[in-house]
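All chains are identified by letter, namely A, B, C and D, in their written order; residue positions are counted from 1 within each chain.
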Amino acid sequence: ISDMAFGIRELAKKLAQIRIRLNVHNVFILAKAHDETLISHTRETTEWLLTKNSNYRVYVESTLENNKIFNAEGLLTMNPSFRGRLKFWTNKLCAEKPQTFDIVLALGGDGTVLYASWLFQRVVPPVLAFSLGSLGFLTKFDYDLYPTTLSRAFDEGITVSLRLRFEATIMRSQNNRNTTLDLVEELIGEESEDNHTHKPEGTHNILNEVVVDRGPNPTMSSIELFGDDEHFTTVQADGICVSTPTGSTAYNLAAGGALCHPDNPVILVTAICAHTLSFRPIILPDTIVLRAGVPYDARTSSWASFDGRERVELRPGDYVTISASRFPFPSVLPLDRRSKDWIDSISRTLQWNSRQRQKSFKEWS
Amino acid sequence: ISDMAFGIRELAKKLAQIRIRLNVHNVFILAKAHDETLISHTRETTEWLLTKNSNYRVYVESTLENNKIFNAEGLLTMNPSFRGRLKFWTNKLCAEKPQTFDIVLALGGDGTVLYASWLFQRVVPPVLAFSLGSLGFLTKFDYDLYPTTLSRAFDEGITVSLRLRFEATIMRSQNNRNTTLDLVEELIGEESEDNHTHKPEGTHNILNEVVVDRGPNPTMSSIELFGDDEHFTTVQADGICVSTPTGSTAYNLAAGGALCHPDNPVILVTAICAHTLSFRPIILPDTIVLRAGVPYDARTSSWASFDGRERVELRPGDYVTISASRFPFPSVLPLDRRSKDWIDSISRTLQWNSRQRQKSFKEWS
Amino acid sequence: ISDMAFGIRELAKKLAQIRIRLNVHNVFILAKAHDETLISHTRETTEWLLTKNSNYRVYVESTLENNKIFNAEGLLTMNPSFRGRLKFWTNKLCAEKPQTFDIVLALGGDGTVLYASWLFQRVVPPVLAFSLGSLGFLTKFDYDLYPTTLSRAFDEGITVSLRLRFEATIMRSQNNRNTTLDLVEELIGEESEDNHTHKPEGTHNILNEVVVDRGPNPTMSSIELFGDDEHFTTVQADGICVSTPTGSTAYNLAAGGALCHPDNPVILVTAICAHTLSFRPIILPDTIVLRAGVPYDARTSSWASFDGRERVELRPGDYVTISASRFPFPSVLPLDRRSKDWIDSISRTLQWNSRQRQKSFKEWS
Amino acid sequence: ISDMAFGIRELAKKLAQIRIRLNVHNVFILAKAHDETLISHTRETTEWLLTKNSNYRVYVESTLENNKIFNAEGLLTMNPSFRGRLKFWTNKLCAEKPQTFDIVLALGGDGTVLYASWLFQRVVPPVLAFSLGSLGFLTKFDYDLYPTTLSRAFDEGITVSLRLRFEATIMRSQNNRNTTLDLVEELIGEESEDNHTHKPEGTHNILNEVVVDRGPNPTMSSIELFGDDEHFTTVQADGICVSTPTGSTAYNLAAGGALCHPDNPVILVTAICAHTLSFRPIILPDTIVLRAGVPYDARTSSWASFDGRERVELRPGDYVTISASRFPFPSVLPLDRRSKDWIDSISRTLQWNSRQRQKSFKEWS
């Protein structure tokens, strides 16, 4: 069995970086539509793509259809072959026909990549992210080199890292906030087979983290944390951050969590300002199903947020389930990607382990 | 590919807990031979096993052969069938013929289980660990119930968790401590193909952690950290702790690292008293090969230790490689083992997230 | 000068614990008026005081005047001498004539003592706090022993610790949120002599902490921190906690600050979930004047709160000044008070440095 | 009494920065005598002083008397008036006649200033520290400007900050390591009046910190901590760091302690790698007397070190007392010293609260 374990490890290692050949027809471009610079870049990239290969169709955001800077009409008049190949995407199209797109080109910063994750709630096309400024955790390509990058990607194929996403579902108590009820009993007690106590209300696939916190509430939250069918602990804190490895450098960092390489199949659970001395962040396998809820006798609601958006009130008795999503996020890596890539990111972006070099301060000993 | 990833995840989940049927012939008993209580328990368990099934052979430590409390001679005279079935193990036998043993019974605390890991440096038989006091992270069975536990284990089979071990090898510089040399250049520079710069000297399979620290040295250490073929960072600290998930509750905890579920395939890297504000513990995949070394221009040596033992001096230019071992540690789990088991361990043993419940202290707001 | 320094140190030491003889006429009783148990205790203590000495006047909260459980009418009919000596206090009386009261008896928990601090915004009478449950950081006396405690206090005098309070004032920008302005320039730049840029709006004397945070806002805050006439740093975080030593065991603890003995004349500045790896809590002298403000170009407001109450919006350009108050909080200490008192509080209430004693886990080395 | 407290505060504030007029006769120069550059600077400064005023006597380290680079003979032949005014100091002279010197000029880094503290174990002359590289926590003056700096200092006077030092004394048990004894009982039990149990052995005045740790010992230490006549706690850790505010940026930082402004009259107690989740650094008044000792039943010794030097073994039963010294360290401040000075030091030297400014990463919300 040791050998089998070793084999699985090798498989997992390969899976962390899959090489894919692309047969590109439909290219999706994502950029913040309110930023003039980005609109110009979108226009430039679109023209480049339409010119490069007459089989390519390019989808840009529908708000650009009548945008003066983008000037779709001008683009179409440049070359008769462009007509019919310049298309406009809507959120609805992303939700309903994500398989339409062979690749997503994201232009901007890490926030744009998070937005791509939000747009594609189920299947996500491979996302190749260009940075307009310094490279980030998710934006691995320099926009200035886009012609070379895209030519190589379309010709030679791409390397994709499947980043863990969470599927998070809000579960509403059907019990009218009866403060004599016990959430722990309802979820894992003997009577818990009966699933009529809660109803699902909205599912989110998230790339960074789910936060349950006190929201606008001045007092701390009391949050019941469950794993699979067990009650783990009661967290007395400003909140709790349940983070993917990708999210470890975002809010998890601020809450005091460890920095976690994105290839690790783990869930990071960190309290936000725990009102205790003995909370230490924990790292759980991504095969576990977590539930975080508000006790029935809580005096206030808590709030759940998903990748920093979509803040939703959790009233006493409500909870949110968090588990590994069946729909990971395929992030395109540079072809010459190295182990050090992530260490470089945390060193450069977060100044991890940096210190002014001093002359030794024990010079007299 | 998402589906494939999902499949791998499921496989990995199953692998985390393998059910094995045992065909028991040779039982290995491990207990601290200098503790009178433990010798009595060893004697009691040995007698119970020899009596229970005439096919069982029981191996106890060779120092017990002439121990008065154990009284081997008395045991053999109790029943003629015992003769030839009571055997004595030596460290050499463990090293050379580990496959001899169908199961190891450890009696004591977590330290005894660490000792089992030390004894079996390559293949490790399944280890079923009885606690004499309160249950620990590795001692999952109450000794008082040993007859029931063993009967069920031998009849119904056992569930085994394969705990990650590291293989750590000391690499000695062959360059006579030439302080003008650059360790980074030697290990990952263009000339690094030539492997004549360092020679291996001793390999250790460890279950908890490898520590490289300043040892008896009063000043801090400077440690170069490499991952695969890259230079990660230079750590200015009292030392560095590279821990398995199993070791996350040992020295890693003291150094400020996160608590990590033992099923996670990760490496925890934590500085010990970093002389910088910006070191944060990092979590790496267990597919990476780490190297931690002493720069040639260091004014002092550092010391490497393996599971808290075997402290070895690393002189300038030396380093230690750390990677996932091909020989994991099969730890026997209770049959009714639950997700919560680990959370219970950290709550009970470390008082994780415990606090005296207070009346709310915002009573006037 | 060393000797002078030593003398000052001695003086400060004495000041930390002042012995006062009381000439008691007017006793103020403070208890949560919505809790039936506390009303009974208030009634009991009032009767005991009125009976004990015909010179005592007892002030209870005006809401008790017609409270059935307190039954003021019944009390007055018990003894004709009580009439004229049972009085009722209002918030207004506390604000305008705090010198009226020779001593405040607080019944409840630490929250009640915080409330006393809130009621007496300027001069505070000595506060003797009875705990109804386990002793807290501020409730040093067991209510069950109140007759003995009060008799001794009134006869032999009391020992008072003068706890540092902060005076915090909100300063409103008069510049109509002009985002081209620079707060740093306004506060410490060359033009900063002109004090027309900001106007004060409300001052609070607080015992625990001033928090400036993102409030209901989902994104982090950017807070400019000034000390005396210098710009210290820009904090990118969920917020900032500026705590007295008394408050070090409250929100400061949750934010990761050190625990600070209440006698220290210091200000504790701790970021709340700093979005950086290199923020470490700092300890400043209480002679410094701090200012924490929202930059003019901030996209959102921040919120200031005072002892967890009175949340106030700080719009871009606004700031709050924080400095040692001229009105400390005289907390009555047990007569046999010892150095260990505070260590006992943190050990008992926060389980500081507690761990299940283990058998040594290096038993094999 | 509030007013008195306020007065004391004002006094303390003034004391933090005392203005002194110097009547300079004897100048003491301290620099590392093994560094050629520093010897040249010492020579240069000596010549400048001897030339500047014929009343000045300059003391340099006695090892320079025959040093070729310093070339004392050459110096004396430059000007006949120099003879008799160039003097050589020894450690003995510092220990016995510290009042001889009107001012100490330190050339080097913070380590040189620590060395000055070590040389002057009782009264310390004002120390004006020049940095040869970037300014440090204790080296406040740029060497390149020494003529201006010294001229102003000698003419206009200096501002001195009296930095807290600790007096630490090793107390040896006279009980021959009887493991049945109880250190807690001996130090604070009923029999503790009898002071024959321990004898003092060596006192150190230290500027940064006293560390008691496991030294070369591979297992953790168990340290009993006492404050005044109380037992505070038992620390299970690699060690304990008791730091002055000055030392808060040295080893205390590495152990996880808060950064503390040097004017604060406090003692910082921080565990080094505590083997518990619930240790949090504590800040105590400098009026307390601490004792840290090794229990009689400890299996190993611990080691005490003083400002990183003078490591001394503490055998079971031994302890070290730590209290505010009567001999503070007078550090000369720049005349235009500002509150921000310390914040600048921690920002520049430790990169406190620094982070690469990012474009906001919530750009899509």
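Convention: contacts are C-beta pairs under 8 Å (C-beta built on N, C-alpha and C of every residue); 3 or more make two chains touch, one makes a residue touch a chain.
Treat the numbers as computed from the prediction; the structure is a model and nothing was measured.
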Result of counting contacting C-beta pairs for B-D and A-D, higher pair: A-D
Identity of the chain that, by mean CA position, is farthest from chain D: A
Centre-to-centre distance between chain C and chain A (centres being mean Cα positions), rounded to whole Å: 42
Distance between the centres, which are taken as Cα means, of chain D and chain C, whole angstrom: 34
Where chain A and chain D are represented by their mean Cα positions, the distance between them in whole Å: 49
Between chain B and chain D, centroid-to-centroid distance (C-alpha), Å: 42
Chain A, residues touching no fewer than two other chains: 218-219, 253, 274-280, 308-309, 350-352, 354-355, 360, 362, 365
Residues of chain C touching chain A in the complex: 215-216, 218-220, 237-238, 251, 253-256, 272-278, 305, 308-309, 311, 350-352
Of chain C, residues touching chain B in the complex: 32, 108-112, 114-115, 118, 133-134, 250, 277-280, 308-309, 348-351, 354-356, 358-365
Chain B contact footprint on chain A (complex, rising order): 1-6, 8-9, 11-13, 15-16, 18, 20, 123, 160, 162, 218-219, 227-236, 245, 248, 253, 257-261, 263-266, 268, 271, 274-288, 299, 324, 326-328, 330, 338-340, 343, 346-347, 350-355, 360, 362, 365
